[in-house]
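Quick heads-up: structures coming right below.
Below are two complexes that have subunit A in common, paired first with subunit B and then with subunit C.
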Partner chain A sequence: MSSATSSWLASAVAVFAKDWRCELRSRYALHAIALFAVTTLVVASSSLGPLGADKSQAVTVLPALLWLILLFAAAAGLPRAFVHEEEAHTSAALRLAAPPSALFAGKLAYGASLLLGLEALIAPLYLALMSLDVPSPGLFAATLLAGGYGLAAGSSLIAALASQARGRSTLFSVLAFPVLLPLLLLAIELTRNAVAGQPAGVALPQLLLYDASVTVAGLMLFPFVWNP
Partner chain B sequence: MNASMKRALPYALWLGMALCIWGAFFYAPLAAAFIGQSSRILFFHVPLAWTAFIAFFTAAFWSAVYLWGGRKARHDRAAAAAVELGFLFGVLATITGSLWARIMWNAFWNWDPRQTSIVLVLLFYGAYLALRSAVADREARARFSAVYALIGVVVTPFFFFIVPRITESLHPEPVINADRHLDMEARMFQVLLGSFFTYTALFLWMHNLRSRLMALAERAHAD
Partner chain C sequence: MQSVSMSFTGLTRRFGRVRALSSATAEVAGGGVLVVTGSNGAGKSTLLRCLAGLLAPDSGRIEHVEDGRALPPEERRLRIGWVAPDLAFYDELTTLENLTFFAKLRGLPPRRGVELLERVGLPADRDAGALSSGMRQRLRWAWALLHRPRALLLDEPFQNLDSEGEATARALVAEHLAAGGLAVIASPVPLEVDGVVCHLELAR
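What follows is the complex of A and B.
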């Protein structure tokens, strides 16, 4: 590995570690997204009852509901990573400390790990509360992994954009949802297949393609957002 | 091109539009299996949708030129004007499509894949326009919206792969269809081809006007 690559990687890891350290000190995003997700889950489950008992309804409704909960939880917590830098006036120091693409990679790794952790908490709870059986657990796990990562990748780039503009919180939702829509459609379709016990089909490669293209676009475009 | 030729261009465009409209109603025959005169809306609907896509690609092109080509304000204006016009043409394509759907499918709206995709694309570019109005600083606005427009060309094509799988389509075969077979009467095809050309020219003319108007507005604002 050349020294340029290793210093890029070191910067990315440093940003990732810094974000987690900040997060564990304040626990703002952790509490916000975990409580948001659990609250929505409880509201949905208590008002709908164990919907999973009715198979045909479960396959149509429940996957969409799960991804809506994850989407809004992500929207509640992920923009924090960039808004925090603006509020604490640390973005100037960060611009000096790390190359923009390494910074983006670090923030993305932080967002993805946060979201995958949330999924590890929410998904089993969701299946239990809705009494939903998953005949293809492998596909279900793959969808959560690829979908959670894509949700973090799309959100990170948009969060960087929105944190620099007026009306941050509303702007994030307006900008992020059209970008995340293809991911949601694919993730819901794949979760349906997992719940119905059907094969993944072409949707899984498409979801991976979405993840890859958003990551590449993020690494290429983030420097323009970050550096004036 | 000299000044008098430049002045003649809008008149040529006017003549071209008049010919397209005349051709749509009086030259092209009616398509089989369409109710009444409803197939004639094809000559408006399809070129409008086509132009919307030309406009969105134009916006992505000027956005990339803005980011990598020296950050010129006129490139940003060109991108913004293209999105505005693409939005206008996209909305008109949606409306003409709905009118036709009311006649053929007996409902203005039924979430046909084509209808769904265009709404999702318009949602994206609506967000682009919201982003422009949310950033006050001219330079930052240009940078952010250029980035967002380029995210658009990465993300929006996914709709056209995903959405058709979700619902069945009743939409007539696209003009350029999968088996590369042109299934259209010759005179209809002539009018449609002429319309593609003329509507693209109309877009370029409007785009030029809108970009210049934006430049004047910025100058008036700065004084």
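What follows is the complex of A and C.
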């Protein structure tokens, strides 16, 4: 590994570790995400759970509901990684010390780990509360991994763009629709296949391609957005 | 320390209809200080932000040369040392954790942060969020010198410092200049600084 690559990697790891350290001390995003996820999970399970939805409806409706819960939980916490840097005026120090692409990679790793951790907590709980059987657990796990990463990557890219604007929250919502819609459609389709015991089909390669595209787009676009 | 120089010509920057900086021109070489003065709103901070690469000027040219090579903006941004009132750190981290984080970003050993905290007289284990305004200013100084920059951009660098803190900061500037570095200092009031000093008065 060249010294430039190892230095880039060390910067990204430093940003990732710093974000987690700050988060574990303030617990802002953790609380926001967990509170939203658990509340919606309880509301959904009490109205559409084993007592509210029949088997045929469950396969159609419940995968979509799971991804809606994950989407809004992510929206409640992930944008903060970038927005907080602007609001706390720490962005200038970062601009003067970190290569932009390494900063984006560190923030993306933080967002992805946060969301995958949330999925590890929410998904088993969701399946249990909804009494939802998963005949293809491997496909279900792969969908959660690829979909969760894509959701974090898409949200990080949008948050990075929106953090530089004045109407940050409005811009995040406006940009999130076109960027995250393909991901959600693919993730829901794959989750339905896992729940119905069907093969992944072309949706899984498409989801992986989406993940790769958003990651590359973020790494390439972020320096132009971040620096004047 | 190798040679360093900074010059700028016709720098202009507008914010909407307000012209914050108008045709600023000056130059400073290693061992020298450029003192930029002017009333509030004259564009001192805007000038320094442009020189740091934190703001793109609408027109004009900036040349930062180190070892005979003109640095592109993205490299200039990572090379300069910057002290300014709006420079903030992570409240959840201690002073040492803040400096260690930025040292890691710059590929420096964490020991450098310890040295600088001792030099500016700050406790290593105090949360940045619990620092007084004078202590925050000392932390800004430590942060700015972390990577041993050859060009220091100092916006009201002695603000909020007590007499001991100001003496330390002035000693740091003197050492920096003696080692061949340059400094651009913005101040709303005339400032006495040792060394080869040029002045630039900005008008509103």
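By definition in this document, the second predicted complex is superposed on the first by the 225 of 228 C-alpha atoms of A that agree within 3 Å, B and C clash if a C-alpha of one lies under 4 Å from a C-alpha of the other, contacts with A are read in each partner's own complex, and residues count from 1 in each chain.
We take it that a residue touches a chain if its C-beta (ideal position, glycine included) is under 8 Å from a C-beta of that chain, and two chains touch if they have at least 3 such contacts.
Owing to the predicted nature of the structure, the values given are computational and were not obtained by experimental measurement.
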| item | value |
| --- | --- |
| Side-by-side fit of subunit B and subunit C on subunit A, or clash | fit |
| Partner chain(s) touched by A:A98 [first = subunit B, second = subunit C, both, neither] | second |
| Partner chain(s) touched by A:V42 [first = subunit B, second = subunit C, both, neither] | neither |
| Subunit B versus subunit C as contact partner of A:S213, first or second or both or neither | first |
| Subunit B versus subunit C as contact partner of A:C22, first or second or both or neither | second |
| Subunit A-centred angle between subunit C and subunit B, computed on Cα centres after superposition, in steps of 10 ° | 90 |
| Which superposed partner A:P228 touches (first subunit B, second subunit C, both, neither) | both |
| Touching partner for A:A128 - first (subunit B), second (subunit C), both, neither | neither |
| Touched partner set for A:A120, first subunit B, second subunit C, both or neither | neither |
| Partner chain(s) touched by A:A10 [first = subunit B, second = subunit C, both, neither] | second |
| Minimum C-alpha separation between subunit B and subunit C after superposing on chain A, in Å | 7 |
| Residues of subunit A that lie at the interface with subunit B and also at the interface with subunit C | 228 |
| Residue numbers on subunit C that touch subunit A, as the complex places them | 52-56, 73-74, 77-78, 80, 82, 84, 86-93, 97, 101-102, 104-107, 143, 147 |
| Touch list for subunit B against partner subunit A, complex | 67, 120, 123-124, 126-127, 130-131, 134-136, 139-140, 143-144, 146-148, 150-151, 154-155, 158-159, 161-163, 165-166 |
| Subunit C contact footprint on subunit A (complex, rising order) | 7, 10-11, 13-15, 17-18, 21-22, 25-26, 88-90, 92-99, 102, 223, 227-228 |
| Residues of subunit A touching subunit B in the complex | 154, 157, 161, 164-167, 171, 174-175, 177-179, 181-182, 185-186, 189, 202-203, 206, 210, 213-214, 217, 221, 224-225, 228 |
